[in-house]
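Below: a set of structures, written as structure tokens.
What follows is a pair of complexes built around subunit A, which joins subunit B in one and subunit C in the other.
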Partner chain A sequence: MPDPSVSPLPSLSEHRVDWPDRAVASLVWLVALLVTGSLLWIVGDLARHGAPELSWSFLTDSPRDAGRAGGILPVVVSTLMILGICLAVSLPMDVGTAIFLAEFTRTGGLLAHFVRRSLDVLAGVPSIVFGLFGNAFFSIYLGMGFSILSGGLTLACMVLPILIRSTEEGFRSVPDEYRKAAAALGLSQPATLWQILLPVATPGLVVGLILGVGRALAETAALLFTSGYVARMPSSVLDSGRTLSIHIYDLAMNVPGGESNAYTTALVLITLLLMINVLTFWIADRWLHRGITHR
Partner chain B sequence: MNDKSVSIDRRPWTKRPACCESRDPCIEVRDLSVSYGGKLALRDVTLAIPLGCITAVVGPSGCGKSTFVGTLNRMTDLVDGCRVEGRVELGGHDILNGRTDLIGLRRRVGMIFQNPNPFPLSIRRSLTLPLRRHGVRNRRILDGKVEGILRRVGLWDEVKDRLDHPALDLSGGQQQRLCLARALVLEPQVLLLDEPCSALDPIAGGVVEDLILSLRGRYTVVIVTHNLAQARRVADDVAVFWVRAGAGAMIEHGPVESVFDAPRSEWTAAYVQGVHG
Partner chain C sequence: MLPADLFRAPGRPGGVKGVVTSSRRTTLGGLLTLVLFGASGGCDSARGGAPIEDGRLQGRIAITGSSTVAPLVGEIARRFEEEYPAVRIDVQTGGTSRGIADVRREIAEIGMVSRVLRPEEADLLNHAIAVDGIAFIVHSKNPVPALTHEEIVGIFTGETRRWSEVGGGDREITVVNKADGRATLELFLSHFELRGEEVRPSVIIGDNQQGIRTVATSPDAVAYVSIGTASFESSRGTAIRLLPVDGVDPTLEALRDGTYPLTRPLNLVSRADSNLLVEAFLAYAASAEVHDLVEAQYFVPPVE
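Right after this comes the complex of A and B.
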């Protein structure tokens, strides 16, 4: 006897459309298309307005006429120097702190709790505040003035929270089995960290790195106070230097007739960002395979 | 998967090999109690594990079998809030002593876990990494040891052409044999096996079980198992653990034939006959 409270089994030959099911599926597709579409739209807009002016000489000349003419070579060089200093300082601190948080204080402890809270607060601090801090501390107190060094160090402070939390997640996602296996083989903690945990945690580090580089390259406010906006070719890290973002800001806001070069610079910035992303993934991939191919 | 290099007499409790006759203890456990965060998990275990023999630890879930085995190489140190009391003597030295060299201890006492856990490295590096860390640097010696140990666990013919491929590409049974090789390559005295076959299919499990039997005499083996038939096939001694008054305890220990055929405890009798557990 079939249970009368349950509807009878449907016939298999009659296909019925499940409208709520379709609606949800369409919505999900729509949202995904919207996100991808807006990215493509931005890149397309940049390419349309920026590509006509883009040439080899744009990349190799110095700006003339306040940036309306000429190229952006000193700006690219300053940008890469600031980014280099930022990463050289923040990466070692990132890996060290993440290991401390994820491996040495796994279950908590007052210091770890305090460090974590501070990082969360720092991650939400507006960049202009980092700029003021960098100006007061690096530029004035430590006497670095408006310099690439001061700007790079300020950016390092700014991206550290993002880097550390992401790398920490990377370490936490490493299965405990690896730690147990390593301990049972009598491997020391440094060997375990370096040979096994770090390669496995690398994807987390890479995600943090890409977010951090993105934030650093996009930064204008914090750098106006620290690295300044001199568009000359820097001769050392103690010279002031203008980054791509500041150049775009300056051309778009302060220089009448600078819009077209602002677009072209933005195109260069986006391309640089994409290149760094691809390079980061490539290096991380090599690093991951290091353990497999090397003897 | 069939492993011709290891052929074992699988009749239950045939005559013990000579290595086991002496019954000299390799590990002596006295009044061992373990608690996690103040909750007692194991109470007053006292037993001697004979040199060169296979001792099976059996019992229902949650009776402290894995905890017991974990104290023998101090893996319990990795667990926060774990407190171990009593004595565990290996070669006359109390390993629970705070001054014990843990790296040396874990080199002497190897361990295999329930789920195969090879590192995300190549097959070759899975074996050379522990060797290098314990001081073997010569490339030729390393290569020789890799081949020797892979032959020992019957993996050589299966993997000799892909030593530099990821160990995680191997099948579950092969991974477990690689883990066994990784432990054996350090030439330990004692091997702890925490349910080594229970995550494998029956055929792969059988291959690993044959390997375990082949270790008898060369190593002192302690194997945790849920599988009573397996305990009966491989073990010389059996320790039966049970939950008593909220904590794990050892209720019976002795040669496999007496525990299975003439158990002293009624709990053991019911358990080995499949009534309980």
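Right after this comes the complex of A and C.
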């Protein structure tokens, strides 16, 4: 005989289902908040320590007194030059290889499998290994010395695996119907690639680009051995040039009293990174609108 | 060498076109030949040429080595470049050992070395530009008044484990040691006549700043770092205290008058066949003209 005072079954089961649901939901919320919070914390900390020293002259002067005084203009210019070389070399190779992997190889093919595995291994290689390779090959064997060119090429080797794998995913995410429709309409393969596949695969390319640029801008170890440490305004890509990350590293590690300028430089670096990311999204968006999906 | 010109920005300031500009073109041309025709062989090291044109110094010097010395040499190089606008000096870092290796391999003209040269390095010429000392630092809340030679040996070999054994509180000692290959470690080991494997560290650090940060954030730590850096940091309120060694306070004055026992020279080294430009820079870097720069980097000018 059931006791009538005991709450009826439906509400009990409701209660049971409710509890883990809520726990999972709040856990997911908590994790998401933690991730956002840590980003805000880092940016906020940088802004708090770095903003007081940030001024127009900091962006337009050369470093003085080992970086404690003066600005960072040559460092910013070197950074942009190295990044430019890195992207100019790696982007065409990236798109080419990704198209090869996604469009020109059979699924499960031996060569594609081998290329993919090598890329995955390369993507996980520590940057210092790329630095030693770049120093031995570009700087010494090819005689480029400590130069922006050598640093940019080393970075290109480093970010290529990340770029290719993510661009390839972009191409793979294009539904097969698009390819079939293009073939049915009698579009040539280059036209299909340029007009349909590339615009639709752009989000993958953008993700790869943002990860790659982030890794390139953060790099110190590989560049100490290739592009070097010279904080003078570079007059060509064969000059040695110091990047923002190396400047921060040197100020924080080797220069007593360099912390405040290290913070300010870090603030500039993270602002630069955000600007590049926004610009990438903007260009990708325009590219998408140009393509078939939005016409 | 047309292809090489593509890489060179137009409008380079006149007069800078010196020794290495041309040698770089040759090597880049050599690289293209190498790629196009599969020719074997490395780059030609065609450094040299006339370091003086119309009575002015000109050309390029590459300097690599100790990261402790690099900021100082960078500043000296900037001043030298201001006096001789046709000279370019590229300062790179990577550690004392690399500085010596690069000078021997003729990748660099000058190496930066933050210790005394060893007998087997007698093939290189030595030029002292500054003196640095190493100080033992503890957290500012640590009550230990001073450490003797024996106490330091005891702590770093792990025989002394608690601060109470050397006059501090009843807490376990955190020993901070320098990474292998660092000149500070070598000076520490040779002064205390220890072998590397005898030291029992809890933490291993690389740079001076890292050591200072480690001690400032852990109340039971003891470390040894550059005196200049440590006294600068302690004067601006970082939570560290410099301990006297064998009764001598680690101050820049004690370094200057030579009474402090734990010092090391900061040197530039060069090959015996250096050209006039390199010799001029070496003489300049060791001269009294740059003593203000030496002091600005918290070192002491070399004792005559």
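Here is the rule we use: the second predicted complex is superposed on the first by the 273 of 295 C-alpha atoms of A that agree within 3 Å, B and C clash if a C-alpha of one lies under 4 Å from a C-alpha of the other, contacts with A are read in each partner's own complex, and residues count from 1 in each chain.
Criterion: a contact is a pair of C-beta atoms (placed from the backbone, for glycine too) under 8 Å apart; a residue touches a chain by one contact, two chains touch by 3 or more.
Values in this document were obtained by computation on a predicted structure and should not be read as measured data.
Engineer: May I ask you to decide whether A:A66 touches subunit B, subunit C, both, or neither, giving the answer as first, second, both or neither?
Structural biologist: Second partner only, subunit C.
Engineer: Report for A:P199: first if it touches subunit B alone, second if subunit C alone, otherwise both or neither.
Structural biologist: In the superposition, A:P199 contacts subunit B only.
Engineer: Using the touch definition from the top, say if A:S236 reaches subunit B (first), subunit C (second), both or neither.
Structural biologist: After superposition on chain A, A:S236 lies in contact with subunit C alone.
Engineer: Answer with first, second, both or neither: which of subunit B and subunit C does A:A184 touch in the superposed model?
Structural biologist: After superposing on A, A:A184 lies in contact with subunit B but is clear of subunit C.
Engineer: Subunit A touches which residues of subunit B in the complex?
Structural biologist: Where subunit B meets subunit A, its residues are 73, 75, 78, 80, 102-107, 110-111, 113, 115, 117-122, 124-125, 128-130, 133-134, 139, 142, 164-166, 179, 182-183, 186.
Engineer: Give every residue of subunit A touching subunit C within the complex, in rising order.
Structural biologist: 65-67, 140-146, 149, 224-225, 228-232, 235-238, 240, 250, 252-257
Engineer: Name, in rising order, each residue of subunit C that touches subunit A in their complex.
Structural biologist: Within the complex, subunit C contacts subunit A at residues 7-9, 12-13, 16, 24, 27-28, 30-31, 34, 42-43, 62, 67-68, 70-72, 74-75, 78, 88, 90-94, 107, 206-210, 228-229, 232-233, 236, 296-298.
Engineer: Provide the residue numbers of subunit A that touch subunit B in the complex, in ascending order.
Structural biologist: 106-107, 175, 177-188, 191, 195-196, 199-200, 291-295
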